[in-house]
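Presented below are the structures under discussion, each in the form of structure tokens.
You will see two complexes here that share chain A, one where it goes with chain B and one where it goes with chain C.
So, the complex of A and B:
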């Protein structure tokens, strides 16, 4: 590939990462929970709660950032003629994997994106998360090398590829209209009560969605590329997010280094690591981190749309069955679910990695 | 001098299988991330130098597209 093209792509990814990191800190400044300017897992969980699929009163709010992210990717994909409805690649398997990815994220209390933002805010518990996350990705790469595949996807109707984005608009309308059947965390009732104004969150989501679509930003893909090809281009975007968020936190006085007393976090290093190991492993099997799945869903990928619905189901299960951690630490149910999840994903990976004729 | 081509796939497995075929056919080849200018997919592709007609005959179910690399990082779709 042409070197100047590669250099341009790298510069674009780093610039996008710096902007996204700044936006994430800005969202905290405007009202989002600390170290949670963006968290795909937490925000899908909050939205799931607002829609009544779980009853954890502290985490119920329709997050416009998620709507904006999908819309931003959808609009840019339309403009650049990259909106390509596709699907049919093992949707049920993806749904199940996504449920366990969410359970892993809620053991750690954050997605890969928030893991970086937590570190940028001085929460050193995130280091255990990163350790586990990389371990999970390495495990996934082993199966990729053994021929893991969920089989190819196929072209779909434009309506099929658009439905998920339309659903996001319906969810946004529910937030604005706020009918009685939508649940909102009461003031000072928990993280769900902390949020930036709807317009600010929506615009932030739109910008991040468009940037992520343009750059293909993906924490899992970034680490996978480093391991498989020694290429740092994709991962450099997340390193840029870390740098920008760190600088933003330092300027705004949000930098709070240490392990104990971190916002919406616990100090159990082993389970922080195992939770993110489950998430990282699952994301490799899915082909991308939760943010990337939202972007792909916006591009018309219905397999990713099913994955996002699986993440939402995982969030509901995690809170209904007492699997999600809290500031006090992980629960016994949560620990069991993470171990079960690792076993289930190993079985899925093995069953889909049978060496076929022609594989390397 | 042989011309260079890039083949993209629906899965990483497809790229691995195609890469193996390239090696068996004696093509110079390598697996790499799909260039952004070629696709919004973040998957893997195979860059190779060899006969594209022969490569197209390998009946790879997971082959998405094949392009010829042209000057200044551009591509011309051939399949």
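So, the complex of A and C:
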């Protein structure tokens, strides 16, 4: 590899970012909630609700985008021979970090991906989210520089690496079959009722999953790598999504600038920032944003699969314990949970940054 | 020649370990990684630091050689 290969990688990720941004706006056009063509946190939360792990009636739907993302990454990884089952790098720690990442996302009402899409739709509350997100990432970088590590992973059996993808197919089958025990938000009953047709959502997920697998796209890695190494590759993908989604929104008349009355958002700047600070910090400790975790899980990374299950558990907790924000704003329980989360992650980060003298 | 074993580690750790090792300013390094993302990221970083990078696959692992 040389400089021209590096340049090629950057061009590829910008192209992928542009396509992904356009697909996200397209999904809103086809029925997804506003500024929510993609939201990994919201979609995992919706699926968790549909499966009955929480009972917030407004946000229950099996999102085929999630299934598609995992499947798209899985298929492309098989094709490119990058499917490598691995795991064993502190799975329980990852589970706990992921729970708090979800709680932070649901304070803000979106994952890092939706944060970009909200900004591209004119929701300026996202600016506070980005501020907090960058702060959280910088905090994580401090620990990375101190030697934070969850230690190495090891090779696993093929079945272990494949089982999470199979689970996604089972969840997709439950969506199509729609048995009585699966919960769906009633028409006009909330964001869960707004969705594109199953086929469209699934194909969108497949394409984005494949592109993200190929380009290693990651919302948290972008800012992290610029701070740590002066590397702009990942961040350029992030910015390309913003540009494409902005243009798409402008063309389709979805651009609606302001703070108040934004779709599925609240105007509490401080808690928007703190929620995303928790999410950004946690994602650095996990090594990637929620979307990247889905992609890695598809590639056979079982630590990432456990992380996704932790995100789902966090979503269930957030709604069962009244932690998730709504358009009215954050809840007292949610504020307490975010603060607890920041403390817990600080302890986890500190404990995993201590090294014996002489150890590399 | 110094060797950095970053096998099993996920990004950005292999790059951080590489960066720390490169601070010693030696002219040749060997970096062991076991996933293509780490291979790409270490290669990109080392290239930007002025090293020529070549690699070979050995089983599950990639052995990168950095030369200045």
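Of note:
Going forward, the second predicted complex is superposed on the first by the 353 of 360 C-alpha atoms of A that agree within 3 Å, B and C clash if a C-alpha of one lies under 4 Å from a C-alpha of the other, contacts with A are read in each partner's own complex, and residues count from 1 in each chain.
The working rule: a contact is a pair of C-beta atoms (placed from the backbone, for glycine too) under 8 Å apart; a residue touches a chain by one contact, two chains touch by 3 or more.
Everything numeric here is computed off the predicted structure, so don't read it as measured data.
In the superposed pair of complexes, A:4 makes contact with chain B only, with no contact to chain C. In the superposed model, A:231 lies in contact with both chain B and chain C. When both complexes are overlaid on chain A, the residue A:155 reaches chain C alone and has no touch with chain B.
1-2, 9, 82, 89, 144-145, 149, 151-153, 216, 221, 225, 228-229, 231, 233, 287-288, 360 are the residues of chain A that lie in the contact sets of both chain B and chain C, per the superposition on chain A. Note for the complex: chain B touches chain A at residues 10-14, 16-17, 19-21, 31-33, 35-37, 40-44, 47, 60-62, 69, 72-73. Remark: chain A residues 1-2, 4-5, 9, 77, 80, 82, 89, 144-145, 147-153, 213, 215-216, 218, 221, 225, 228-229, 231, 233-234, 287-288, 292, 299, 356, 358-360 touch chain B in the complex. Chain A makes touch with chain C in their complex at residues 1-3, 6, 9, 82, 84, 86, 89, 144-145, 149, 151-155, 216, 221, 224-225, 228-231, 233, 287-288, 303, 360.
On chain C, the positions that touch chain A within their shared complex are 4-5, 7-13, 15-17, 19, 34-37, 40-41, 43-45, 47-48, 53, 60.
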